[in-house]
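I have placed the structure first, in the form of structure tokens, so that the comments after it can refer back to it.
A, B, C and D are the chain letters, set down in written order, and residue numbers restart from 1 in every chain.
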Amino acid sequence: MIALETHNLTVSYDKQPVLWDIDFTIPEGKLVGIIGPNGSGKTTLLKAAMGILPADSGYSRVFEKPVDKVRERMSYVPQRQSVDWDFPATVMDVACMGRYRKGRLFGRLSRTDREIAINALERVDMLPLAKRQISELSGGQQQRVFIARSLAQQADLYLMDEPFVGIDAASEEAILNLLRSMRSEGKTVILVHHDLHTALQFFDWVVLLNTRLIGAGPIEEVLTEENLTKAYGGKLNLLSRIADLIGSKGYPIREKSSEE
Amino acid sequence: MRWLVLILIGILLSCSESSERGNETRIVCTTGMIGDAVRNIVDSSCTVQVLMGPGTDPHLFKPTKSSLDLLSDADIIVANGLHLEGKMQDILEKLKRTKTVYFLAEKLPEERLIVSDSSSGIYDPHIWFDVALWRNSLELLLSEFETKDIVDEKSSELYLNSLFELGNWVEKEIAEIPSKQRVLITAHDAFSYFGNAYDMEVMGLQGISTVSEYGLRDVSNLVNTIVEREIPAVFIESSISPRSIQAVVEGCQKRGFNTRLGGTLYSDALGPEGSGAETYIDMVRHNVATLKKGLQ
Amino acid sequence: MLDINLIWVLAGCALIGAGSSVVGVFTFLRKESLVGDAVAHSLLPGVVLAFMLFQLKSIWILFPGALIAGWLSLLSISGITQYSKIKPDTAIAIVLSVFFAVGIVLLTNVQQGTYGNQAGLDTFIFGKAASMLPSEINLFILVDLILIGTIFLFYPYLKLFVFDPEFSRAIGLPVRLLNFLLSTLTVLAVATGIQAVGVVLMAALIITPAAAARFFTNSLKALIFIAVLIGVISSVCGVMISYTAPSMPTGPWIVMVLSLVAVFSFIFSPKKGILSRYLLRKRHLVKMTDENVLKAMYHITNQSHKRAVGITVLSEARRFDGQQLGASLKRLLKSNEIQRENADIALTEKGNERAARVVRLHRLWELYLNKRMNIAEDHVHNDAEAIEHIITPELEAELVKDLGYPESDPHHSEIPGIKSFRK
Amino acid sequence: MNDFWIVLTGALVAVNCAILGVFLILRKMAMVGDAISHAVLPGIVIAYLISNSRNSLFMLVGAAAFGVLTSMLIELFYKKARLQSDASIGITFTWLFAIGVILVTAFSGNVDLDQECVLYGDIAYIPFDTWMVGNNSLGPAAIWLLSGNFLVLLTGLIVGYRGLFITSFDEAFSIGLGINAGTWHYALMAAVSLTVVLSFNSVGAILVVAFIVVPPAAAYLLSKRLDAMLWISGLIGILSAISGFFLADLWNASISASMAVSAGIIFACVFAYTVIKRRLFQKTEESNFIESWQ
């Protein structure tokens, strides 16, 4: 079964095309890395696939269904700095947040919900710090709490935005093992990741991106010399100038009439 | 929730009933002018207290704990009415149910009041600038007080006469100012009753409302009229910053006619200690003297 | 002789407008634009205390009191944000409300006391824009010189400090000193301005010019210049409007003009304005439909080798909707790219050339997508449909050179007019 | 008995503002209270021009309408024009206030219409402003009004607690869950506009603008969890109301202003406490670190 696929996904931010006609499919049960240089649209791709950011054209399917139909089978871990960690909440509160559902937002959490959250914390071995306020945690611990929250969602597809940025080595090791065990349980884990060297050991499937898709597939097929130079050899000069043109003039990326 | 209950009990215990009840009637007046008048009317069996001390703008009066106690212990409350006291007017309307509350201005016949907004029938509350009108309102109050027999006949008789003489004196003094120059210009438009009573043209930069703001055109029009009609003096009020009138004065000087700053008039409140305008009569005398000196 | 009051007010408001716009840019970039309102509310305790000490209601005593209170309020705002996790906007709200409450407590206490002439103390130092005094004009000139002078002097440090406080701390800039300097300039601008034009106009003059200018430029220098321009022009217009008729308050009309200018720039500014983006898109759609009609005619005439094309044939070819097609044909007739031939229509010389260019661009882009960006042939068509209308002539020439003067596109159809690029 | 009514009203306003204030400062909208206090002026003038009277019901309706309009305009500038939140708040309230002054001067310069005179009540008047049914009084009207408001806010809080929690903490994550963050924001802003204007009418603007920010900010420094922050903020509010009442008696000053000042004093103490605690904590940590090395 295909965990995530995108068709002609074009996303622009402030009318500047950031993602250009992205097409790829990711099978289930894979540990996938979305890699590419800074500003290549990795986070945008993740958010667009999740439906958090509107796409100009094209669409994404999760488990071959429109995103809104399968929200409970998906889980999103945002970038660590996108959240104000001074917020008055404890580790336990954030973990329980994973049990919130769109429909059942009202009333109290059930006992089983709490247990699920507790064992999620156990898996990232943050349970002893359950009562700790989140601003008192280190970078690595905060990232583990975010992952515990997504574990508590008991989803099948996990989309994580740069979970390995700014964390200590021990947490990196722990998170990596966790992701590998999730993969062995048949879950699909897709990470945005910018560091090329670690990518080689971490991932078995890769989406190589630089505002346009350079390659998607098993790691050894995609991370070839030629692809890497294309991705990291700086943007294609002509393409970026056209993108700027579109941005400045505000042209629609796609004509309405010829939309499929 | 038990925390909240604990706190509420705490509040209950902490409040004690305020001072004990004497046998005299307690009268509370809102503005200084009313307090001054009532003190001259009632007999010694009453205590008279004023809510708004000298130099307090009745529109923007902010009550304190002591004003609250005064109001709650008062037997009789005398206020000006016609929304001079701002939001307090609604409260005094409600207090009517448990206490006797008189609104001086609202007792007067409608036709003697100046309309400030015809569409909504709202009147200008500054009635004390017309001495005769003020005396009439006090006479009406006197008849109400007589029913409660707290009136000191002799002193009220004396006081009303002195108001009568004051009225004539003001008329005589103002009449001495040549009619061409008989123009009262201030920042705040509160003197319309004075203008009506003593046939004096009144021009203000800004209406009664404290938040409304005059425009540049109003300033220039005023400057033009002063220069054309050669009005010798303009006046500032105790509760408004003199800056606005200074701009008019300097505008006239640049146009070759230097009108003077004629001194401070007391409008919405009595003057402070030693200002020579501590009582109503002194205030009127002070204002008229300042006007005469300026416009002669 | 022009009305002297008008000149004073124009000069005064323009000067205040300029000074506060400059300060406004820095408070805007530090996300503290509501500081103007906070300082305005915090002046009250200073004024009342000064009055209680000296028992005199003159500007020369009350104004310094206000200045000190304003300073204290700004220092406590930056103190709160620095030494706790409280965010700037909360710190401003705290200082504003507590200082104002202290002011009211003092005022009501004075009200009961024996001072007497404290009436109007809370509005005493807040002026009205319409009554400007010549002595004040010199004061504003002085203040503006100080403001613009200091900012000009410390410009590079301030620029770095505003855009990246962490980095400037890292490279050892005296961050606390710069913070103090900016706060002092803000208090100076606000306190002098308030005394002439009142609280709300002052707050508006700090916030709105900078916010509006932000929509036209990203460079700090240009931002300051445009903000000052907006501040001065709006003040002048506001004054002139209020000069036209009586009971037209000058201050509020300046705020009105400022806000309208801001809203105008939100909507119409070329880069980020909402409407300008919409209009651009609309104009492009028109160009796109016209070129599609020409392209369709080019294809049909090539296949059928007949010069003229029936309108119904045309509309089926591209699934045009009738009304759009009609409008487009009218436009093309007007620009004589097509001509009537009894019931049918045919491309003119000019029309044919434009159509050929569109086709060429389409095929060139398809080739580019396929070769350079290795996108499969069956995926390139839609993109090319959109891009063909955008590529400018210079880009076109570069594209042709980059692709090595190709003869045919990925679907092996011939690319018209390549020869003209060869020379 | 009057004293009790006043302190109770102060406590009720404190709790209402605490519930809203906590979410406002967490969502970086702390200045909304002050903005609405300025922006209601045009609403009052228009209500006066339509109804031709100054009775407080029309004024309240006009002000409430403009309170909601203010939060919508702020949202419009913030989302559509992508303007910073503090600039959107600033431009909205200065513009609306200017419109108010222009209307007052143009149409009713001679009628005293500013918020101070017409809309803002004062906590000292509460005991007299009783609610009359037939001819027996049911106690101060404000108590009923504010307790009703409190019940509405309490139920809203209990029911919507998790929705507010997640949209305030991590909006992207909540959108990922399919939650419509926009509706939660508008619901909160509507509650803020109505509560703020209602409380202005009973106790005046000073107290409300202070109680919406100062107790929640103190609680923010003291609490680790959102529900603790709500409780502590409510408690500090009630405490300020009580102590403020006695300060007013002591200084013989405006009661609502004294309550706001005592809230400020409590905040200052909490602020000092947290700074000192952190200094001490760092000290002990350093000393332990050094000891462990010796």
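Definition applied: a contact is a pair of C-beta atoms (placed from the backbone, for glycine too) under 8 Å apart; a residue touches a chain by one contact, two chains touch by 3 or more.
All of these numbers come straight from a predicted model, not from anything done at the bench.
Student: When every step has to jump to a touching chain, what is the lowest number of steps that links subunit B to subunit C?
Tutor: So the least number of steps between the two chains is 1.
Student: Point out which chain occupies the most central position, where each centre is the mean of Cα atoms.
Tutor: Minimum centroid-to-centroid distance belongs to D.
Student: Per the definition at the top, count C-beta pairs in contact and tell me whether C-D or A-D has more.
Tutor: Of C-D and A-D, it is C-D that has more C-beta pairs in contact.
Student: Can you give the whole-Å distance between the Cα centres of subunit A and subunit C?
Tutor: 34
Student: Could you tell me the distance, in whole angstrom, between the mean C-alpha positions of subunit A and subunit D?
Tutor: Comparing mean C-alpha positions, subunit D is 39 Å from subunit A.
Student: For subunit B and subunit D, let me know how many angstrom lie between their CA-based centres, rounded off.
Tutor: About 35 Å, centre to centre.
Student: Residue numbers in subunit B touching 2 or more other chains?
Tutor: If we look for residues of subunit B contacting two or more partner chains, we find 60, 62, 64, 66, 206-207, 210, 212-215.
Student: Touching at least two other chains at once: which residues of subunit C meet that condition?
Tutor: 85, 104, 107-109, 112, 247-249, 251-253, 272
Student: List, in ascending order, every residue of subunit A touching at least 2 other chains.
Tutor: none
Student: Under the touch definition given earlier, write down the residues of subunit C that touch subunit B in their complex.
Tutor: 1, 3-6, 8-9, 59, 104, 107-109, 111-120, 122-134, 198, 239, 242-253
Student: Could you please specify the touching residues of subunit A with respect to subunit D in the complex?
Tutor: By the definition above, subunit A touches subunit D via 47, 50-52, 68, 71, 74-76, 78, 82-84, 87-90, 93-94, 97, 100-102, 105-107, 131, 133, 149.
Student: Where on subunit C is subunit D touching in the complex?
Tutor: Of all residues in subunit C, those touching subunit D are 28, 31-34, 36-37, 41, 80, 83-87, 89-90, 92-94, 96-98, 100-102, 104-109, 112, 200-201, 203-204, 206-208, 210-211, 214-215, 247-249, 251-253, 255-256, 258-259, 262, 266-267, 272, 274.
Student: Quick check: in the complex, which residue numbers of subunit B touch subunit C?
Tutor: On the subunit B side, the touching residues are 52-57, 60-62, 64, 66, 205-207, 210, 212-221, 223, 238-241, 243-248, 250-251, 254-255, 268-269, 271-273, 275.
Student: For subunit B, which residues count as touching subunit D in their complex?
Tutor: 3-4, 7-8, 10-12, 14-18, 59-60, 62-69, 71-72, 83, 86-88, 90-91, 94-95, 97, 116-117, 119-120, 122, 124, 189, 206-215
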